[in-house]
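Labels for the chains are A, B, C and D, by order of writing; each one numbers its residues from 1.
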């Protein structure tokens, strides 16, 4: 059996070990869903740490949460939701075989993705300037004095745990965004080359699934990290 | 590294099978209970293993491959499947209950135990007796008395393990855990560190010397003491300036500590906690964590200012301020808190 | 393939997008109102609702005929609950006895 | 020349292409399986070498062979290499990779390139671990307990942690490939109720890979950050809880035990019917017990922490659940035994390993019941009792299963038979050496000898000498198969397509199989283990 012969019988996108396109597609999609399942557990370990320490050190978590910029957080949430919309529309464009629209939507998605990372960077830079980055230069004395104003005791070490989880969670999320941008660059390239048709656009679909998942993680990170305690102290 | 002496000392331990023992010495009330469970489990395993291995052997011989004999195809039997799921489960639940009862017993020290504070560090054990004796890598206890160990670690996780008593408890940094035993037989027994703790983990050895009560009294009388633990705690308390706020006859800026230990405390946020050793510890090291209702958080943080042994003394002192339970081996020498003579001026 | 693939209308996507945006504003706004312990509850309920919209519509789970996808999602969530629930159980009962 | 090759030997996956590149860039699951076979064998002998050094050190009570620090590194790296670089990938990555596509009648796994990627991740992680060992090693114990690992030791925790983190992704991807393939790539007619039990157990294992490994990954990442930046998440002096690390660690690492044992159970479930010429007794119960073990396995992790300072109530809860997970294991043992009833049993090497597996796994499982009993666990946890128990499961169980499987499928993999007499001899040596090594450790443990001890009180010496003696026998037992299997590659008898007269799709293709496994996609019309319909090959039928 020669490879060229197989290629003649099969659509070019069909890999040799699948019987037909249908099988190939359902296999890839299922694979991505399983991968997203493992991703849930990946973040799950940190959620466990978060829940335990939030219960132990509520005041530190509350004041830590207040010290991060809710406006940037909200805008970023919106940016991600917009990008999810463009991805969803992009998949639709692929389903309908609109190549130009697909490329445009993918590019817009990536712009949103970059914007998200940019805003995230601004937020992190603010934290860096406030010495809220865990490590040797960590200093939460500003939070201690805020705490004193409200009659709440703040232990700096415990504040550091909040910021550690904040940076670990947002950092890991940002890493997923970067990976997503990488995937989308490749997808855009092939979309531009016209590789995706109404019959074959599985990569767009599973790339989209990944992007939406990263969006969902953020949908939870936003309230958990930014909205712990914004209500006025009595 | 002081290891060889430890090993030498262990050589002196008296044992029935000095060179080739197969059963550990029973020297505590729990040891007997545990050995009984062990014997039960051993017999159970023996029966199970014999049954399974005999069946396999018999099958292997009887149904070995021979000419002219074909295997008989059997698909299975629901009844058998249910039987050999449910019957083991029943047996398992018995073992669970038995083990759980012993565990519950091990984890709940009798109320009137003698309390010995233990600090583990790389790679030694330090003991503080209520009467003030201090020991390193050696603990003297009398036969027949309940001894509660209040353990903490100065660095990494260790584990307090006395095989002859069948007790083991991981010793964690940053918090107190407890273990207890009642020795039944005079002798010298191994104390091992059972949780890996670094280079000299296997050198973190000690011994528990169990003595007849009269010998123990002699030992108490002849060994050097620094005054009772609670009294040492009291002087710590004063040196650190605690009485400034924690007053006894009048309400100070901090809550009074009379009768706090062992009782519920209402916190600022409405929660109620029992003031146990860990609560006292946390309230000294990180006072802001749990503010007593009606008080402000003005107490300085003592994290890093008191070491583990001083901490133990303070805890012992605060505990002595509560009326000791009946029959407790408390400290008769301590001045009743209400009659505290002096308070340093503010 | 294409015949049993749902192509949803762009309108639906935009509506869902608008709902998500509104919910984001609401959840940020509600955080400033004192609801006692319910602040967290409200925030998480809104987040879950948003996540559901994304999963069901944007990720097409509502329209898929494949039960396996749903099984994967549910089992991953179940396992997450195991991890969180059983480890929190230890923390929740440490001060008993 | 080409015609000569064709006439003497069919084209198969081994001779279809030549050259290093054709191996290093292959996407053929069978070639990847061989790559794994080579790499895990390498790590097995490194880990085994450390084990021998450990046993030699323990020959005498005083620490006189190596320094204390060296000893601590030895047992740490023995554990890490054996667990993460040998046991976890052993059966899944070698036999699983080789067999899963063939057993489901597919040309390859669902994602062949990801399969190759997971081997490269394994090699990358492995090289990192080797580098770590060569440049100083790590001495935390394979469990990495905090705060020792984060704040006290000055060995290479970060590098070791990273290497395991990377290998973790290798196993996630392998598991992903298996689950997707078993769901989506089965041949026509191969329903779930016709699946070989090996696939059921690989499927169950993959569930653990997928849902457990990510938690280990994130835990190690947090550990690395904690060590690098002193965040305080696991550090009690900064308000963290060291027990949180243990919870997260064991959430993966307890199920990881089932990653090791489940595939071995799958292997045994293939071997016993084949050499008894019988259907498996209670097929559906054996299949479901694999799934039950995988699920219940996630509910019992804190039984590693009964004396660690967890709450009394969660200890009770985790103890009772630990008994629940024992039931499906017991069910398997009973069903295997019943499978032999009225069979036609031959004692070929794979069968010897399978019988050895049942014996050793029974002992390992029963002592697991001891350990799940709370009060009992207090006395023997962190002693040699635990060491003996888990070696009975991991070495007596998993490695016996792995060796049994390797012998069973060796004719398929290589197209040659190994020398049967040597095979039986090695199986016997392994069995004897194993028991001599590890049985005394149960007694040592109950006597109170703690694990990870470089030196020990002299009353423990006699049993330790037995154990060390046993370990040298065991080493011989492991070296033998390596030698005669290499020998058989050249001099072994040519194996037919189905030398055992075994059921299962993998035996319906050539040995060694062609690149795409089957010349045409098979259609399954029979139940698994239809031994009444398969003729017994002549040489097997004569053998006793």
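In the analysis below, a residue touches a chain if its C-beta (ideal position, glycine included) is under 8 Å from a C-beta of that chain, and two chains touch if they have at least 3 such contacts.
Keep in mind it's a predicted model, so treat the numbers as computed, not measured.
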Query raised in the report: What chain sits nearest the middle when you go by CA atom centres?
Result: D
Report summary line: Maximum number of contact pairs occurs between chains B-D
Report summary line: Expressed in whole Å, how far the mean CA point of chain B lies from that of chain C is 45
Report summary line: chain C to chain D, mean C-alpha position gap in Å, rounds to 37
**Report entry** Rounded Å distance, chain A centre to chain C centre (Cα mean)
**Finding:** 15
Requested in this report: Could you check chain B for residues that touch two or more other chains and list them?
Outcome: 107, 286
Query - Sites on chain A at which at least two other chains make contact - result: 26, 30, 34, 37-38, 41, 44-45, 48, 52, 155
Query raised in the report: Which chain D residues reach two or more other chains?
Result: 183, 211, 215, 237, 239, 243-244, 247-248, 251, 312
Requested in this report: In the complex, go through chain B and note every residue touching chain D.
Outcome: 3, 7, 10-11, 13, 15, 17-24, 30, 33-34, 37-38, 41, 44-45, 48-49, 52-53, 55-56, 59-60, 63-67, 69-77, 80-81, 84-85, 88-89, 92-93, 95-96, 98-107, 122, 155-157, 159, 161, 163-164, 166-170, 172-175, 177, 190, 192-203, 286, 303
Report summary line: Residue set of chain A touching chain D in the complex reads 1, 15-19, 23, 26-27, 30-31, 34-35, 37-39, 41-46, 48-49, 52-53, 56-57, 134-136, 155, 157-158, 160-161, 164-165, 168
Requested in this report: Note which residues of chain C are touching chain D in the complex, please.
Outcome: 68, 75-76, 79, 82-83, 86-87, 89-97
Report summary line: chain B contacts chain A in the complex at 286-289, 291, 296-297, 301
Report task. Can you check the complex and tell me which residues of chain D touch chain B? Result -> 61-63, 68-69, 72, 139-141, 145, 147-148, 151-153, 236-237, 239, 242-243, 276-279, 281-285, 306-309, 312, 315-316, 319-320, 323-324, 326-327, 330-331, 333-335, 337-338, 340-347, 355, 358-359, 362-363, 366-367, 369-370, 372-379, 381-383, 443, 446-448, 450-459, 462-463, 531-532, 541, 543-544
